[in-house]
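As written, the chain order gives the labels A, B, C and D, with residue 1 at the start of each chain.
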Amino acid sequence: MLTMHGVSKSFLGVCVLQGVGLDLEAGEVHALVGENGAGKSTLMKILAGEHLPDEGTLTIDGTAYSFSHPAQAQAAGIGIIHQEFALLPHRTVAENVFLGREPTRYGLVDRRAMERRTAELLAEMDETGITPRTPVHELSVARRQTVEIVKALASDVRILVMDEPTAALADHEAEQLASLVRRLAARGLGILYVSHRLREVFDLSQRITVLKDGRHIATLNTRDTDADTVVRAMVGRELGAYYPPRARPGEAGAERLTVISGGNARISGIDLTLRAGEVVGVAGLQGSGRTSLARALFGVAPFTTGTMTVDGKPLRPSRPRDAVRAGIALVTEDRKAEGLALRQSVTDNALLVTRAVPARGRPPAGREVTALLERVRLRAHGEDQQVQYLSGGNQQKVVIAKWLAARPRVLLFDEPTRGVDVGAKAAIHTLVRELAREGLAVLIISSELPELIGMSDRILVMSEGRLAGELPAGASEESVMRVATGGNRAREGAA
Amino acid sequence: MTALRPDLKARSRTGPGRTAELRLTGPVAGVWLAALAVTGLGWIVVAARGGDFLTVTNVVTILQNCVALGLVAVGQSAVILTGSLDLSVAYLISLGTLVAAETMESGSVPVAILAVLALCAAVGLANGLIVTGLKVNAFIATLGTAFILRGWIEDNYTGPAGRVPASFQHLGYDRIGPVPVSLFLLLAVAAILWLVTRRSRLGHHMYATGGDEHAARLSGVRTRRTVITAHVLCSLCVGAAALFLAARLGAGAPWAGTEARYDLESIAAVVLGGTALAGGRGGVSGTLGGVLVLAVLDSVFNQLAVDPFFKNVVRGVVIIAAVALYARGRRTEQERTA
Amino acid sequence: MTSAQAPAGRRVLSALTTGTPVYILLAALLAALALTDPGFYEPDRFLSFIKRAAPLVILAAGQYLVIVCGEFDLSVGAIVTAGVVVAAELYGSFPGAPWLLVTVILLLAGALAGLVSGLITTLLRVPSFITTLGMMLILEGAVFFWTGGSPHGALPAAFRRLGRGTAFGWLPWAVLVCVVAGLLAVRLMRSDFGRTLLATGDSERAASLAGVRVARARTIAFILSGAAAALAAVLVGGFSGVSAQAGRGYEFEAITAVVLGGVVLGGGRGSVVAAMAGAFSLQALFTLLNLQGVSGALESTVQGVIVIAAVALGAADWSRLRRRGTEPSGAKSS
Amino acid sequence: TSDAPPDAPAGAASAAAGAPGTGRQSKFFDRAEYDRQLALAKESPQGPAGKPWEQMLRPQLVDTTQYKKKGSGGIHLCLSNAGVFNPWRQVGLKNMQAEAGLHKEITDFTVLDAQGKDDKQISDIQELAGQGCDVLIVSPNTTATLTPAVEQACGKVPVIVFDRGVETDCAVTFINPIGGYGYGAVAADFLVEKVKPKGKILALRISPGVDVLETRWSAAKVALDKSGLDVVDVKFTDGDPAKTKAIVTDAITRNGDIDGVWMDSGATSVAAVEAFEDAGKDVPPITGEDQQDFLQVWKEEKLTAIAPSYPTFQWRTPVIAALKILKGEQVPKEWKLPQPTVTQDTLDQYLKPGMPPLHYAMCGCENLPGFPEKWGGKK
C-alpha cells in the first residue's frame, strides 16, 4: 500500500539518502536495518513529514503525497514512534497521546473523551500501571515508550513506523513489544520496523531492507536469508568473531574500586569490587537500579551509606568532579543529553574532561588528540566538525575518547552500545577489552544479554536495587534472567 | 512492565489524578498565597502605624491598579507560555492610546476600538512572523519592533494627542458598586485567555510548543501558527490595555506604555505568577496573582510613604525571591520524581 | 580520526564564517560611512569612533561570556549608571582619591554585583533574565536611594583620563583599554576555561558529568560581565562626566550587539570576536544614522529594521555555503 | 558638505540649502501663547523681592473664602507627584518638603509617587481625594491625560496644579513659570546677539515628542530663522552626555567650525563644552540651564554663555498657595512665576560651591532649613 521511490536527501550539502526505494504491504512487518548513519531514521522522518525529500516520490494506495509537515503525514494515516521520544514531560499522558488532534466539544477540548479513549488504548495494550492523568515525567523510560506507542495508535493509522522501539527496553520488555507488533500487523497495519537487534528483526519481519551509506543495498525475504548475509550487506564485509577474547586467568590484578554495603534512596546493600584488567558486567531488568549504581559510583546521586575506596584510598564522591579527579569515568546511557556538547567540535568534546579537571593531566595537544581519535576509530569529516552531525556510533566514540584523554583508572559504561550499529559495536567491544588489558577496571551495564555475556569476565545481576547475585563468565541468558527476575517479584514487575 | 521499587509505588499511588496547578506548593497557588500574605503583612504594618489598610477605597484602588498591567501581563503570559517573549508591548500601548484617542476625536468609538485592535493584531502578526518566519530570536525581534514603533511614535506625535469622549471614559472611571468597571474588562479578558490556554486546542498546542517545540511539531502541532497566534493574542490584550488607558487618560499619550515600563513589568508579573520563562508551564491565573502581588506591594509602599527609589529595591528583591522559591519547589519536585 | 588535520587557513576561514553576516554588515556600514563622510577615516576621527565604541565593545564582550554559557545579563546598564554615580559619590567624599584606586574599587564592585547575580542564578536556580532584571531594579533603586537622586561629587580630570584623554598625545586611552580588553576576552575564550564555558552553555548536564564546575563557570562569567560593565562605566564616566542615566539602554544594546555577532541566545555557540564586531556595527550604525541626518525620530525605526534584518540574515542557512568550503579532505576509510 | 537629500527634515535640509530656515514649524506651535510668554518675560513681577517663588506675573486674583479652613486642627497637605525620575524633580521635591516643614500648622504631608505612570497617578489622585487632605497638590505627569482625574478631585478638595497643566480650570490655582517659549527665546536671542552674522549654529535637543521641549525649540526656531544665523544641525541627544559629545565632535569636524550652540536643556551642556575642548577648539557662545556643573564650567572656562531656567523654586509655591487658600486669602487663578535667567552678571550669585553637579541653582532653597546637606551639598 506504501511505495517510496528514488528518495534522496542531503543535509548541509552532505548526501544522506540517494535514490532509496521501499514498499510496504498491509499486514506486513518490514524491517529496515543498516549501520549508524545509514539513513534509516532520515528515511522514516521523510515518511513522517518531518523532512522534505530533495527528490523522490511517495505514494499510498495509489495516491501521491508530499508532506511538508508532520500533521499532513498523520492525516494520511502514518504514525511514527520516534527514535528519540517526542513527549512533553510536564503534560499528562492523555494530553500527550492526543497532542495535535485533541477531540473537541463546543470548540473546547473534551478532556473527558480524551482521557477515556487513552484509558481504553492503554487497556488494549495490557498496560495497567499508567493512568491518563499522570504527568509523563513521572513515568519510567519503558512506560514512556508505551505512551509513545499509544500516541501513534491513537489516530487512525494504517502505517506504523517504529524507529528502534526496543533500544531503551530490556529483552524481556522487548518481547512484550514484539507480541504487540504481531497483533497490530494481524489487524492489517503495515509496520516499518527499524532496529539494530537482528534477532528481533528475524523474529518479527517478513522482509528486510538494508541501507548502507544512504543507498538501498537489498530487500530480502526474511525466510530466505540469514543473519550473516544481512550483516554482510550492512557492513559491506565479513565481521569476524563477535566478541574479543576474555581476560586470561590471573590477568585481573589489584583492586581498583571497592564498595562495602553502599546504598542510597534507590539502591542498597551494594558490595562490589572491581579489579584492574577485568570487565565486569551488570545485568538487570529496567529499573533494577543499574543506572543508579553507576550514578552512585560516579557521584551524581552518591551513596549515602557504606564506604567506597579507589586504589585503596577512601572516596566519597559528592559530585561527578570528585569521581573524575579520582580517575573514574562514566559513559552515560543518554549520550546526547549527558555525554556530549552537541554543538561543539569533536576536538572540544574530546578535550572537555581534561580542560575541566586539570588534575587529570594537561589537555593533550593537537597530534595526541588525533591519535586518540584514531584509537577509537572515529569516522568524521574533520576534527572541527560539530558532533551533532555525527552518527550515533561515532558520537559514542567521541564520548569514549573524551574519557580516555583523562587517563581514567576505572571505566563505567552504561549501555555503551545502545543504538550503535554492529560494526561500531564491534569496534567498541574491542576497545573496551584493550582498555582492560591496559590495566583499567571496567564495569559494563547492558540490557542486551548476549553482549553482556560476551564481554564480561563476571556478571553481577541487580534486582530491586540490590545485587541479587554474581555469575561467572559465559553464564547462560536463562540463568541471568532467573536471578534478575527472582521468584514472585518477577510477576509483580511484569505489569 | 517495570518492576516498581517501594518508593516508586508509593508515589504512583498518590501521583496520578493530580494536575500540577492544584498542588498547594505549586507556583499558582503559591502566588495567590503570597498575595494573601503580602496583604496580611501590609495590613499589620499599616495598622501598627495607626492606618487602616483594608478600607474599601484602598482595596478598590488596588484592584483598579491591577487593570492595565493585568491586561498586558495576561497577554504576555500567552506568548511566554508558547516559549516566546514580547518586549514591544510598551510602545504598542503608547501607540494604541494615541490611535484610540485620535480616532475617537475624529470618528466614532466603535471605529476607534476596531482600529486599535486591528493595529495591535497587525503588530502581533508581524512579531509572530518575524519570530517564526525569519527565525529571529523573540527577544531581538520584539525589541526591534519596539524600536520601529518608537520611531513611528516620535516622528508623528509630540505630546498627548486626541481626545476621548466622555461616553468612553466611563470605562476608565465608572464603578458598579465599589467595583471599577475596568476590573470586569480585565476579568473578561483573563477569562477568555484562561479558556483559550487551558481548554482550547490552541491552548494545548501553546503549552506543547512552549514545552518542547520539536516534540510538538513531530506530534503534528502547527507550531509556527501557534506562536503567531499567541503573539496576536498578546497584542490584542495590549490593545485592550491601550483602550482602557485611553479611557482613563482621556487622551493618547506617547509615553503611556514606556514610562510605566510595561514591557519588563509584565514579564516580571508573569514570572512572579509562576510561569516558566522558558515556556510550557504556568498560566493566566498565576499571572493575575503576580499582578495582584505587585499592586498590593505598591499600595503598602504608598501607605508607608516609602521612598520611590527604595521601592525599586524591594520590588527587585521580591521578584528574585519569589522565583527562587518556585525554583526550589520545582527542584524538590524533580528530586522526588526523577 | 581518518581525515587530515584541518589546515590553518581553513580553520581561520571557518572561525570567521561563523559570524559572517556581522563582518559583512560591519564592512557595509564602514563603507557607507566612508561615502557619507570622506573625512571619517582620518586617523584621529577614526580613533575617536573607536573610542566611542569602546564602552559598548567592552560590554558586548562581557555580555558574550554570559550569553554563551546560556544566560542573560540585563543588569549591565544599571551597573554602568551605578558605577558612574558611585565614582562621583566617592570623589564627593574623598576628593583626593587616586584614580587608580577608584577604578579598582569600581571594578571590584562591578564584579561583586556579577557575583551576586551569578550565585542567585546558579545556586537558587532563578532564571538569569529575572535575576538580572531584579538586580537592575535593585542597583538603580539603591544607588539613587543612597544619593537622593543626584550624585554629590564631580569626576576629576585624573579619573576621567581613561575615557577622555589620549596617550602619546594621539592615541585615546579608551582605544587602548578596548584593545586590551578585547585581547583578554579572546585569550579567555581560547583558554580551557573558555572552552568549558562554551560546553556549559551547550549542554549543562554533559559538562557537569564531565567534571566541569558548571555553577562556578557561570558565576565567573557573571563576575566578568559585571567587571566589564564597571570598566565601561569608567570609560563612560570619563568620556562624558557625571550623569544619572549614564548606562540607560546599554543592556539592550549589548545584547543586540552580541546577537548581531551571530551568538545564539541560549548559549553554546558564537565567537567573542564576532560579538565585539557586532558592537562596532551597532556603533557604526548609530554614527551613520547621525551623519545621514535621519530625523531623530525615525532613527530608532531604522535601527529596529536593520537589527531585525541583520539577525534574520544571520539565522538564515549560511551553513550550506560554509560546508562547501570545508568538505572533508581526507578519504573516508576504516 | 552634507549629502543629505533635499527633502530631509529639519536641520539637514537647511545645511544643504544654506538657507536660514530650520524647516517647518512644529504643529504644536501656538502663536498666541508664544506672544503671551514673550510679553510676560518682559514684565516685572509683583511680590517680595528676592523671593521669586512668592512673586506673580499679571495676577488675576480669585476669592478662596469658600475653602477657608474651619477649626483649629493641623493641616493635612497632599501631593500627587508624577515622579522623581530626573534631578530637576528631585531637587524640586526637596524644595517642597522643606517648604512644608517651614510651617508648623502643616501636620501631615502625604506624597504619592506615580513613578511616571499616568494610570497610577490617576489612582493616586483618587486615593488622595478620598483621604481627607485639606489641599491636594498635583504635579501632573501628562497634561491632557490627568484632566478627568483632577476634575473629579476638584469636587472633593481644593486642588492646586503646578508645573505641567491640565485642561481644566477647576483647580483653585495653576502655578507655573513663564514657560517653554520664554525659555527657548531667551537662549536663541542670546545667540543672535553674540554670534557673528551667518554664524553656524548647532541645535541640540533631548528628544522629539515632548511638549515642554517642543515649545522651547519652536520659540528658538522663530528667533533663529529671523536672524540670518545658519542652523547647520538639529540633533537629538536623548539626554545622553556621551551621545552629545559624539554629535558635537562630528558637527565640528564636518562643519569646520561651530559658532554657537543652542540647547533645549542643561543636562548635556557640559558634554557639549567638553567636546569643543577635546577637539582643541574654543568654546563658542553656548546656552545651558541652571545646573551646577554647567555653571561651574562656565565660570572656570570663562565661557560666553547663558542659562535660562525652568526654576525648581516653583515647587515651593504650591505649599504657600495652599496655606493662603486655607486662610481664605486670594490667590491668582494662574500663578505665573518669573523665570530668571543666569547671565554673566548673575553667575556668581547662582554658582554655589559644594553643591552637587546635578543640582539646580534656581532652587530658591538657600534659606530653607537643612540647606545644603539635604540637597546633597556641603557647607
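Assume a residue touches a chain if its C-beta (ideal position, glycine included) is under 8 Å from a C-beta of that chain, and two chains touch if they have at least 3 such contacts.
Predicted, not measured: the structure shown is a model, and the values here were computed from it.
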Set of chains adjacent to chain B and to chain D: C
Pair joined by more contacting C-beta pairs (B-C or C-D): B-C
Intercentroid distance (Cα basis), chain C paired with chain B, Å: 31
Chain C and chain D: spacing of chain centres that average the CA atoms, whole Å: 37
Rounded Å distance, chain A centre to chain D centre (Cα mean): 72
Inter-centroid spacing, chain B versus chain A (mean Cα positions, whole Å): 43
Residue list for chain C, restricted to those that touch at least two other chains: 149, 295-297, 299
Multi-chain contact residues (two or more partners), chain D: 84, 207-209
Per-residue overlap in chain B, given as positions that touch at least 2 other chains: 154-155, 309, 311
Interchain contacts, given as pairs of chains that touch: A-B, A-C, B-C, B-D, C-D
Chain B to chain A touching residues, read off their complex: 1-5, 7-8, 11-12, 15-20, 195, 199-201, 203-205, 207-208, 211-212, 214-222, 280-281, 337-338
Residue ranges of chain C in contact with chain D within the complex: 36-37, 39, 45, 48, 52, 55, 88, 92, 147-154, 164, 236, 239-246, 248, 287, 290-297, 299
Residue ranges of chain A touching chain C (in the complex, touch as defined): 12-14, 298, 300, 319-321, 324-325, 330, 332, 337-344, 346, 348-349, 351-353, 355-358, 363, 366, 369-370, 373-374, 377-384, 402
Residues on chain B engaged by chain D in the complex (per definition of touch): 57-58, 61, 64-65, 68, 153-155, 157-160, 163, 169, 172-173, 245, 248-251, 253-256, 259-260, 298, 302, 305, 308-309, 311
Complex interface listing, chain C residues touching chain A: 1-3, 5-6, 11, 14, 192-193, 195-196, 198-199, 202-203, 205-213, 268-269, 319-320, 323-324, 326-330, 332, 334
